[in-house]
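Several structures are given next for inspection.
Next, two complexes with chain A in common: one pairs it with chain B, the other with chain C.
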Partner chain A sequence: MLREIYEPKIVGFFCNWCSYRAADGAGTARIKYAPNVRVVRLMCSGRVDPAFVLKALALGADGVLVAGCHPGECHYIEQNYKTMRRFAMLQHTLTALGISARRVRLVWASAGEGAHLAREIDRFVEDVRTLGPLHWQTQLAEPDHTAEIDRILVEHAEAMEVGR
Partner chain B sequence: MAEKVGVYVCDCGSNIAATVDVEHVAQWAGGLPEVAITREYKFLCSSLGQAMIAEDIKTEGLTRIVVAACSPHLHEKTFRRACERAGLNPYLLQMANIREHVSWVTKDRVAATSKVKALVAAAVARVQYHQPLEPMAVAVNPHTLVVGGGIAGIQAALELGDAGYPVYLVEREPSIGGHMAQYDKTFPTLDCAACILTPKMSDVGQHDKIQLLTYSELEEVSGSIGNFKVRIRKKARYVDDATCNGCGLCIEKCPRKVVDDGFEAGMGYRKSIYTPFPQAVPKIPVIDRGSCIWFERGRCRACEKLCPTKAINFDQKDEILEVEVGNIILATGWDMFDCRRMPQYGYGRLANVFTSLEFERMCNASGPTGGRVVLRDGVTEPKSVCIVHCVGSRDKHYNSYCSGICCMLSLKLGHLVLEKTAAKVYACYIDMRPNKKDYEEFYWRLLEEGMLFVRGKVAEVTDVARTPQEEDQLIVQVEDTLLGKQRRIPVDMVVLMGAMEPRRDARETGLKAGISCSMAGWFIERHPKLDPIATMTEGVFIAGACQGPKDIPDSVGQGAAAAARIEGMISRGTVMIEPVVATVQEERCSGCRICNSLCPFNAIDFLETEKVSKINPVLCKGCGTCVAGCPAEAISGAHFSRDQINAEIAGLLCDADGRESGAELAFAPAQAE
Partner chain C sequence: MSDKGTLAIYWAASCGGCEIGILALNEKILDVAAAFDIVFCPCIMDTKARDVEHMPDGHIDVCLFNGGIRTSEQEYMARLLRQKSKVLVAFGSCAHEGCIPGLANVTNRQSIFETVYLDSPSTDNPGRTLPLPEVQHNGFHLALPVFYDTVRTLGQTVKVDYYLPGCPPEADRVWDAVVAILEGTLPAPGSVIGAQTTVCDECTRTRSEKKIKAFKRTWQVWPEESQCLLEQGLICCGPATRAGCQSRCPTVNSPCIGCYGPNAGVEDQGARLITALASVIDSNDAEEVERIVREGVPDPVGTFYRFSLAHSLLRRAALVPDEERHELPLPRAAQ
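Right, the complex of A and B next:
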């Protein structure tokens, strides 16, 4: 019997102006890439509340891909810098929760970079495949864990934003 | 919440149906919570498809619509209108992008179908949290900013001006005219470029609706469609444009002569005080600070002493103008490929290798040689000329795209050489692409005139002779792919057809206006076929070669089209904009002010009296960064709310491990929160 290849489930958060268009462009150009990333369209990568990422992982995602405009090219001037800042904090939090920070990735893709984005998606899918399934929600089911995670989430939310 | 959701899955002919089991998806979607009706249809965007949705809304009383089809960037508006026609608020629609994001990028049918199911489940989950929204009407300022005074910008400005709408035309150089002003003839009609361009230029100069701002640059753009605020840097000319009468005495008397790298492409000279060319509009000279003797050594001022109207002013400073406009057209044009980047062709090292722009200037009757075709020594007429096609284009080391105009340009230059000299003319091409009206006929004409065509990409231009006949000549080494052999063509002169490239600062210009560039550096249009004029940023349009390589008729057409689009908006008076903005729920706001510093548009004010933050919906652009940043979750983002996105995430993971039992578990957030 053939052993089934493990297919990771990945949630993508893509910026409406750059990476979402890049993914559209990859489609128009019929560039084939791994089907594992399911995309949520947001107006800006700055809309990515780290809680969304945790939510996705908690609901069964094995990885999360955030894609935004290249630094300096943000449609909203500078919001992707805030994404970078939050992303660093998010990785830190995930590590504290015992989740490999490699399960989340931030990539840049301008609207014209469909081929580049497709390559990045393929690469990330392979990396998550190597990490294996996360099974976070089964751990979450234990009540002690939930309380602990809630505490960390609150701490995280408080630490997230510092004025410029 | 009890909603009646209608799910519509599009086949898109075979675009989706070939890779996705659409029938199965439609059937499966029927089992999702709150779904009242599911349908699969060949082309949902057709009028029949839209009518079907509208009919269902009316007869079945649907309250939410999910369309699984192409990208929302393509047809969201179409389906929103369909909902609106049936009396449903257009924002109660959600699209699942199953074409661009699934069927076109996935090989495996099973994997594609399960991805589509997840996207549909996500859309169904999300749409239940949608709120009815009303688009905001914004008044359109009738002024328009046109950036770039080449032929595309000139055309756009004239169209708008003639329609009676005021225009600011900003040009970086001292005169408008752009690249077209540098040419001698235009293909394929061999019209004299100046004869057809200069009347348009002077129309612009005299137009009562066009305010011409030459020697000026775009500094900063803020605001949005209908109400842009633009800062323009008017560089110091050191000549007062109000008093100068353009007599040209200052130019005549200026003692400093320098090589003109701009207009004359390095082939001729100009004075330190100059107008780029005699027909310049406006006819007001500028002083080049870099070479002027006064700025260099602190003496001279000959121009000032001799100016009859006392227009010279050495104390002039750069000025910043602020204007308010409703729309912006970028027509910033192109730069020529730097042929030095291909050292095998010897430009810059071998004297008699020219670029096409240099050669244009040489052919021009008002150019540096008075229209005579001569070698770099300025006297000798060449006995043979080789034109090298595709220099820096159709070459993956430089630019992979076809520069589009060079085949015709080569034919035109070949014709000019044959007309002006007795030289033999060779052209080494990869493919001949004269692909528009009357272009092929022009190619035939040149074949009959005796231009010699060699099919092959030139490997090298060298002056190292192998035989006595090659002594003192340039040798073009090329594989003649029709004969199947290597050829060495000894010639006196080589002309390189450098590619059209995006402006070197196109990215910065695009950033200022909020639009992006393709990988190659051209501005990206809203849709490559159906909307090559608009951009993703409402109110910013592109025209001419800044969008991609283009010849004169195409640039003119695009300039006029952009103007027409704007005229429509101005005559309507208002535009509708997306109501995607953030709002603060005051009762939850703790007044921590974290959001205040997150907004780059200064849309968030802190109310000192109430100790809460408040968002100005006119300034808010809806990025959602503050929504994500608020620690109290007191800010909500319209159409991208926390509930909507959480539901979408849950839907996307409806088939995740342990949740296969599926539908009833699919929308966890409803229970979780």
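Right, the complex of A and C next:
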């Protein structure tokens, strides 16, 4: 039997001022990197509500990459420190929920570090590849009991002589 | 027939506290009885599911449904009461967001059965019998409800008209809802009946700058009585929890544990709480932060999602944790 082809689906949240420009720069410099990351540009990594990451995972992402300016270089002074603290709590929580902390990663990249960011993306994609698909919606799928419940409804109605 | 309205009160995966929450209306319960005939409430009256099955659709004016959906029987009752009720209210934290029964979403049916029927010290089950949904016995076919792996909220099961949060809902908020129903001043269908803001907005403690080097657990400190509990290092869910209780727990020197669910506009209470706590940790050093979190929050799911796991974005823990998968890497796409 043919096994399913697996290309990790990764959502990236990149800060406008550094990492998004780094990714742009990598493109301009024709540096090759894995095409698995769908990037969402935000003004700052501090804008990344942990709910964004959870939602991405819940809706089918296999991993989430957050990228921001280096510590001390955030354009909104110290928001990326908050990102770092949130990230620690998020990873701690995901681990407790049986989701590997390796499915989410936080990287710092300044506007000039296109090559560095490209390398980080490649490494992350390979790491998520070894973890395999997350397929969160299948974790939530209960066998469908609709038919059974409809049968109970009919049985009750007959036994209780509803409508007679 | 009287010209009173009809009221149903039902319980699913819950503890019975919501019925007590209704009784906490005290003498106002007489006003409720004057306005409504209670047509179905297994907690206090001898009424059966079959009585509901006999009713025409939409016969019940208001159904207060408490409890989450853990079994096929509860799902059946949820659907039946939806069909028979004009207004279906998810009453209390369990129906609204899973509550404590929903915390069992960190595990699954198999391990719950093993704990309850095999492993618990008080269990004597030499035949290692586990409940089955169907069994043949002496020529009879016997059936039990199917026990699900995942607790769902009422809103994840059927269409809900209103949500009344709280574990249990505060009597004053229940009364507000009764008045809104009687006077026809209900908000838009699908909304939460209650406050929009957070517990912090009702809390009278003084707040100043929050800088925390270590989280403490309630048994480790005797909190000072006027200062914000979070500033004292206790994890208080106030910043991520809907107001409505007059900040009942902080008032008696105990941190909020989040029973009113997320405040308006917040989808995931745990994520909101993580955001709030990240702002107060006093360290910019990744390793130190990691240590503060690990040592200060030994049970992140029970701390951030004590009442709202079933209602959160992920809803449950992985059925097969990443750590337990042993698949070979799948083939990649051709370059």
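Everything below uses one rule, namely that the second predicted complex is superposed on the first by the 135 of 164 C-alpha atoms of A that agree within 3 Å, B and C clash if a C-alpha of one lies under 4 Å from a C-alpha of the other, contacts with A are read in each partner's own complex, and residues count from 1 in each chain.
As a working rule, a contact is a pair of C-beta atoms (placed from the backbone, for glycine too) under 8 Å apart; a residue touches a chain by one contact, two chains touch by 3 or more.
All figures in this text were calculated on a predicted structure; none of them were measured in a lab.
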Contacts of A:Val40 with chain B and chain C, given as first, second, both or neither: first
First, second, both or neither for A:Arg103, with chain B first and chain C second: second
Which superposed partner A:Lys55 touches (first chain B, second chain C, both, neither): both
First, second, both or neither for A:Pro133, with chain B first and chain C second: both
Chain B versus chain C as contact partner of A:Glu78, first or second or both or neither: both
Common ground on chain A, meaning residues reached by chain C in one complex and by chain B in the other: 7, 49-50, 55, 78, 82, 86, 133, 157, 160, 162
Chain B-facing residues of chain A, complex: 7, 9, 11, 17-18, 20-21, 23-24, 26-28, 30-33, 35, 38-44, 46-50, 52, 55-56, 59-61, 69, 72-73, 75-79, 82, 86, 110-113, 116, 118, 133, 135, 137-138, 157-158, 160-164
Residues of chain C that touch chain A when the two form their complex: 49-50, 53-54, 72, 75-76, 79-80, 106, 146, 148-150, 267-268, 270-272, 274-275, 277-279, 281, 283-284, 286, 289-290, 293-294, 297, 299-301, 304, 312-325, 327, 329-333
Chain A residues touching chain C - in the complex, by the definition given at the top: 3-7, 49-51, 54-55, 57-58, 71, 78, 81-86, 88-90, 92-93, 96-100, 102-103, 129-133, 136, 139-140, 142, 145, 148-149, 152-153, 156-157, 160, 162
Complex contacts: residues of chain B adjacent to chain A: 71-73, 97, 99-102, 104-108, 111-112, 115, 118-119, 122, 507, 511, 514, 516-520, 524, 536-537, 580, 593-594, 597-598, 600-601, 621-625, 627-629, 631, 637, 640, 642, 645-646, 648-650, 652-653, 655-659, 668
